[in-house]
Amino acid sequence: MIDDDKPHEECGVFGAWNVADAAAITALGLHALQHRGQEATGIVTHDGVRFHSHKGLGLVGDNYGDAKVMAGLPGPRAIGHNRYATTGDTVLRNVQPLFAEFEFGGFAVGHNGNLTNAHTLRKALTRRGCLFQSTMDSEVFVHLIAISLYSNVVDRLIDAIKQVIGAYSLVALTNEHLIGVRDPLGVRPLVLGKLSGADGKAGWVLSSESCGLDIVGAEFVRDVEPGEIVLIDDSGVQSIKPFTPQKPRFCVFEYIYFARPDSLMEGNSVYSARKKIGAQLAMEAPAEADVVVPVPDSGVPAAMGFAEASGINFELGIIRNHYVGRTFIEPTDQIRHLGVRLKHSANRAMIEGKRVVLVDDSIVRGTTSKKIVEMVRQAGAKEVHMRIAGPPTTHSCFYGIDTPERGKLLAARNSVDEMAKLIGVDSLSFITIDGLYKALGKPGRDALSPAFCDACFTGDYPIALTDNNEARDTQPSLLAEMS
Amino acid sequence: MIDDDKPHEECGVFGAWNVADAAAITALGLHALQHRGQEATGIVTHDGVRFHSHKGLGLVGDNYGDAKVMAGLPGPRAIGHNRYATTGDTVLRNVQPLFAEFEFGGFAVGHNGNLTNAHTLRKALTRRGCLFQSTMDSEVFVHLIAISLYSNVVDRLIDAIKQVIGAYSLVALTNEHLIGVRDPLGVRPLVLGKLSGADGKAGWVLSSESCGLDIVGAEFVRDVEPGEIVLIDDSGVQSIKPFTPQKPRFCVFEYIYFARPDSLMEGNSVYSARKKIGAQLAMEAPAEADVVVPVPDSGVPAAMGFAEASGINFELGIIRNHYVGRTFIEPTDQIRHLGVRLKHSANRAMIEGKRVVLVDDSIVRGTTSKKIVEMVRQAGAKEVHMRIAGPPTTHSCFYGIDTPERGKLLAARNSVDEMAKLIGVDSLSFITIDGLYKALGKPGRDALSPAFCDACFTGDYPIALTDNNEARDTQPSLLAEMS
Amino acid sequence: MIDDDKPHEECGVFGAWNVADAAAITALGLHALQHRGQEATGIVTHDGVRFHSHKGLGLVGDNYGDAKVMAGLPGPRAIGHNRYATTGDTVLRNVQPLFAEFEFGGFAVGHNGNLTNAHTLRKALTRRGCLFQSTMDSEVFVHLIAISLYSNVVDRLIDAIKQVIGAYSLVALTNEHLIGVRDPLGVRPLVLGKLSGADGKAGWVLSSESCGLDIVGAEFVRDVEPGEIVLIDDSGVQSIKPFTPQKPRFCVFEYIYFARPDSLMEGNSVYSARKKIGAQLAMEAPAEADVVVPVPDSGVPAAMGFAEASGINFELGIIRNHYVGRTFIEPTDQIRHLGVRLKHSANRAMIEGKRVVLVDDSIVRGTTSKKIVEMVRQAGAKEVHMRIAGPPTTHSCFYGIDTPERGKLLAARNSVDEMAKLIGVDSLSFITIDGLYKALGKPGRDALSPAFCDACFTGDYPIALTDNNEARDTQPSLLAEMS
Amino acid sequence: MIDDDKPHEECGVFGAWNVADAAAITALGLHALQHRGQEATGIVTHDGVRFHSHKGLGLVGDNYGDAKVMAGLPGPRAIGHNRYATTGDTVLRNVQPLFAEFEFGGFAVGHNGNLTNAHTLRKALTRRGCLFQSTMDSEVFVHLIAISLYSNVVDRLIDAIKQVIGAYSLVALTNEHLIGVRDPLGVRPLVLGKLSGADGKAGWVLSSESCGLDIVGAEFVRDVEPGEIVLIDDSGVQSIKPFTPQKPRFCVFEYIYFARPDSLMEGNSVYSARKKIGAQLAMEAPAEADVVVPVPDSGVPAAMGFAEASGINFELGIIRNHYVGRTFIEPTDQIRHLGVRLKHSANRAMIEGKRVVLVDDSIVRGTTSKKIVEMVRQAGAKEVHMRIAGPPTTHSCFYGIDTPERGKLLAARNSVDEMAKLIGVDSLSFITIDGLYKALGKPGRDALSPAFCDACFTGDYPIALTDNNEARDTQPSLLAEMS
């Protein structure tokens, strides 16, 4: 069901403070963030006295459509989480938010991102007598907070985040605060919004993307800043900045593919950014063609930008089938031989006899691209030119995006010409890294101090890969747990 | 989950003869036809000796992704069905194909459409001692065949279809043939395709739409003709035409909304037809505006046509959320008050401060249109002009489309001006009926002999509404059956 | 889960007229009759205007414990059914009661027993144009009623039962009556009880056994008589006797094994009958032993009778484990080698070093007996003597009891001595057929006119085996239906 | 489904070392121990390299009947657990065995019993930074082991059990050992058995009761002694006794009700013990009566002993219905009014007109006893005399048995005469505490040093109730977790 030829965002987070039906508001926010994780979801609420929790596998709509579930989540405060996870890994105990009972009260936390020293910290904590119940990075936060010697939960949280290294946005809920945190470089997004509250006072929401604010009618206030802790209670929003300021390195791939087109990132429309990237691509890598066809759905805005800039007609030459079941038809040999495509079909009338420019946002393994090109050729295309709205993906991400190991990245092992041949196109071009920066309003990439995290394109990793430098040989002993 | 502000197609059918893995081929065909019915699905296969069957609720992918199900459906011959049904009605015994055991062998049948004298026939058959097990029209066919005095199954089928009145396309499987039938006016679609067969000889497929042929790599041969029976066996395709020829009246709404854009209907690209309708609409009802925004997904081609013809920019100003769970979040009062929209969100950056032309294909009850306009205004649109790529829907359909009763059709009770006010737009226009015919390549509507069935727009019902003229008071006695 | 070394009753029926919460009363009656069928259950109610139905797989308690199910079964009239069925056969469409819509109203029917000319009738009806939807014998009744030319439903029912041959007790519900029927020989049981009604007038219940009356607090009125139709409505109970009277032949195995010990059959306590059979067995086949041990649970009363008559101590030397899951532990080779017994365990302290008399009610295949003897020997028994409270089972039953085909009946192929050797006992004896009749208060078996149906012991089949004399080659064409 | 008028055992444990298919052997052992807990079950295995785990709600047979589950539990070493739990508490994270990953390897543990200072220890551990993931007492063990400063896992375990106070039997599995532990007073049972091992060397099993050895064909070796740790590996069984020896206080209620009748406890047959208790009861409290009737199933052996000693006939005057669904029929008012009994029915023929002695093992709330007496009277009993095979239950248990709080114990608030009146019997007697000790082979109860824990009858609690002396006000903050 999940396209393994796209990178995948690992998780979306949402939080609400002082709003009526906080669980329902959070469920809606998570629904808007569903593209950031579809395997599992959880919400923890606080009703002023106690915490309440639901975790479940599957989509937001499937979990919170059950009135009994919602009735079990009372209170005006909540945090929620959507989880993306690789197969086999999604047992309930790994579903966030994680909840812990401290001496001084409860603490619930969910995060989007990845700690690059989680494994190292986990080993040290285990040696100290800490018992881990899950394989989630979040649990490292929780243990660090549990053993911190500070008396105050906020001081303990600062103590904890100073020990972790990584790219993360987190939301947490204590007996007294809703908390949002972004990592020092601000690699992963987190925005703050305002809402009319439950009692006349202000209500507040945190969301991975601004589309989570729109769905609940919240007003966009600002991005949580890189390295900032926002501490929300009935007196308002307090900002704490425990780190030495650094130049931010926001994830450029959020612009290219991850974020929803209707979201704002760093104040910019993602949809417009994609159209501009398409236009820049048309200038850098024009094609003699009759029609510009997007690979749906993510390639559509870039293709529109390409079409406008090049003057070539834009047509929906590929149709996407949105009805995909939970399990799905296992192709037999016969069917595999037929080259069956379950998610895409060619709109033959727009393709037959034409020179086609296919616009997509990225090529990871190249498997899907190859099948789509085949399909377009079978539908009668005279020529197929592929244009990619991002530079070649040559490196894996360790900051919260699920990419294959480097050896499986098509661009890591092949030149663009070789890739064109493998995918079966008449021509193939990627936007340049400088072109990408320009489309995003920068003068180009400043190699000494780039404006974005672009490690997947450049191999320039701005955050230390601590765990990666040790062998990850010590697998957990407990294997298959069925629940 | 189902938008009750759109008409709904009642069912898609598929058949396969002499192809390896006929059940898998049929499952794929049904997957491509999923938009014609999402509530339930069934496949019957024949392995040369016996029939095998699976029926299940839910999507095609959910049913046939189970290897055990597929293993239970052997053989090179199959028919399949996707069912759309109103709530509460979908118990397994009502899922097609229907299978019956006759003296001379088994008979499986599935149909798309509606019999307008089903109720009348059912009463007569019951009086005669026939026992009905379902509320499906198909069962009327089956009883008519069962009691026919002809000795041959094909003669019995002809005997049966001569007694029924209605709009239907059906596929049937006997011990000896795959059969396809279209009603005398050809209101509902059915196409024939060819495939390399299981044994070197030709393989054949039948499908409600040509997109069902494309997914399995079958070559489009032709539409089954109105009033035609195609009888398929290893000797090829035999055509029987038991009815006096009439001028066809294909359903015009298939062009406007139902069919997949990549399908061909009567040899025409549905996608191109929609763009032409949009262009015609722009000529008939221009608007002073900054941006043309489609209501996704069905309004997109018409909006593209409108934008091209009018020269106004086309932008994706509304984003559709494709992640919708089986159950879904029940809005609380608080949430209802916020005007939450689960399926659509405004792409504010494309709308704020702009004069927007919203293009949609139809208005049924008007409830969704009203919410979308509200959303677009909240996102800052300066003006909202709505343009509809079909004439006002003033009459219910009795030919296989689920429309509300007439009293609930917005256009049946209100003038266009009143509708504009109710929906909250600055202007509202529908394409004219003549404009629609012109966009579809006709000189306009010939009132004496129209080229299409357009009863939903004109009230001109080309097939007798027999049941409708009797009171439908005799409800079945058995109510809630849970299974 | 089902012991395949016992015969199995095929079904229990219950009916209620004019009682508050008829569905709940019926559910309770079916719960008391659960031993007569555990695979599926159904209830049809009538609320004065309409019929309502629920069918489900599994136990009575699992189905009617759901408040929503009960809410869907309103009305003061109901019939219900428990189904026993061989594996694979239990799809919902085969679950009774069967409901049909006739011209003159609805008709629901459930039966216990077997028609011996069902197959022959089914073929004739199919030839006539009747469509069968299930493989249930009950459907034959329903079609016969549907095509009967009598205008009155009771006359049609008489018309139908005069055409069927077999052993059956049935309950039916029409818009106007609750009906109970027993076959002309009264092979299968059915009793009538009285209850305070919903409105001051009398309420009535029908039940396969009197234990179904006890659980709902109904007063036992009488057995429905062989060949009798009882027609119940608010004016009371009307008796119709459409058959020429014959000497009854009640199933003797109901006394030995099937019926619940607290039921009355023909006015006799089943528990007392079993004790008397055990006492007679002790006189006919004494054993030198230290302890009498029943094979639980069905062997207990006979063992008590044996112990009392012989003066040997009665001890619970075998313990039965009542916790058996739906699925069950699949023994691996290792476990099979250990001779593991999941349902029984030896109470070693009562067996070790002792000469044991094991008392059981029947030996069918002998597989379970062999394992139990092995277990008793492993627990240290010095000698094992087996005594069986029924004659050797040498013939299959065609009257509603699931027995293996004759070739698999241990007693059909082996002498008692051979059986003793195969089962591994020091001695083996069965009660004689005359002894059995004596224990049941008869002077012995009158070969010309026996008081019971004892075909399984004697091969004397009192009802014609019509279907059996034709080859049953014409299998239904539709095989595996998954639902 | 669970009789709330009986005390309930809280859990059964099983362990296996060096046996082929250890998971299957453990599943069988747990099946034999099913009466000690029916809500949930878990097994952890070790395959020499890794641990594997399954936890599930429901019966043993339902969980381990799934071949996929068993395939996921490889290896020759295993421990397993059956859980009894009060409603609402059974979420998967509370199902044992509990598994933890220590620095030095994995550790799995399951226990039967209750720690009386668990709450106190939990608070201290939380203060120290330990995070609890469940509400299970076992987790206290695990944290104590995790933070122990000893380097060796066995030393850490000793360190841990010296800090806990309570009545418990536990089984544990490490990378190197199977471990069994009984509390210093030996309140809860645990036995050791021997089996032919996987590789010619000995195999070992631990089980709460000896019936767990019988089912897998293991030879009974001995009881694990009070306060003993048995350490099992391929070199055999090593015994460690870390506590100062104390006089054992085995739970006397295991004899009266909990244990399976075929188990040996302290070398004695439980079945024989119950018969002796019944005989003693007959001597202490004779009754003029016609028939002795047990309340099935647990009252049967005591009733047999009573009948033998008194010379009154023993009859199965009450029949138990063993078919009880997961959910169950919710009685409506009408049904409640009828006094319906779902689990028991009177065998009227044995009761009508008779003076009946009802023998049961205990009265807790008295609710079930009252209903049974009512039922027996409705079936026509002339007199009803109740005899109870245990002294009056006047105190709650804190050592692993689920009893109601004291205020709800009938005997805590009423004299025997009052109880007789409330229950509706003509006479009521309980065995004396001295009579009970005598029936169990003791000279009577030595008040200074009783041979058993009999706190539920005497209020003499042999183990400190540490938690009970503090207010248990600090409830966990996280309430309803749905999974």
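Going in written order, the chains are labelled A, B, C and D, and every chain counts its residues from 1.
We take it that contacts are C-beta pairs under 8 Å (C-beta built on N, C-alpha and C of every residue); 3 or more make two chains touch, one makes a residue touch a chain.
Note that the coordinates shown come from a computational prediction; the quantities given were computed from them, not determined experimentally.
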item: Number of steps on the shortest touching-chain route linking chain A and chain D; value: 1
item: Option in A-B, A-D or B-C whose residue-number contact pairs overlap C-D by over half; value: A-B
item: Mean-CA-position distance for chain B and chain A (Å); value: 37
item: Separation of mean Cα positions, chain C and chain B [Å, integer]; value: 50
item: Chain A and chain C, separation of their C-alpha mean positions in angstrom; value: 62
item: Residues of chain B touching at least two other chains; value: none
item: Pairs of chains found to touch, sorted by chain label; value: A-B, A-D, B-C, C-D
item: Residues on chain D engaged by chain A in the complex (per definition of touch); value: 50-56, 68-69, 72, 92-93, 99-103, 105-106, 126-127, 129-133, 142-143, 146-148, 175, 476-483
item: Parts of chain A lying in touch with chain B, wherever the complex brings them together; value: 20-21, 24-25, 27-28, 31-32, 34-35, 38, 58-67, 70, 211, 214-217, 260-262, 264, 269, 271-272, 297, 300-301, 304, 314, 316, 319, 321-332, 334-335, 338-342, 345-350, 378
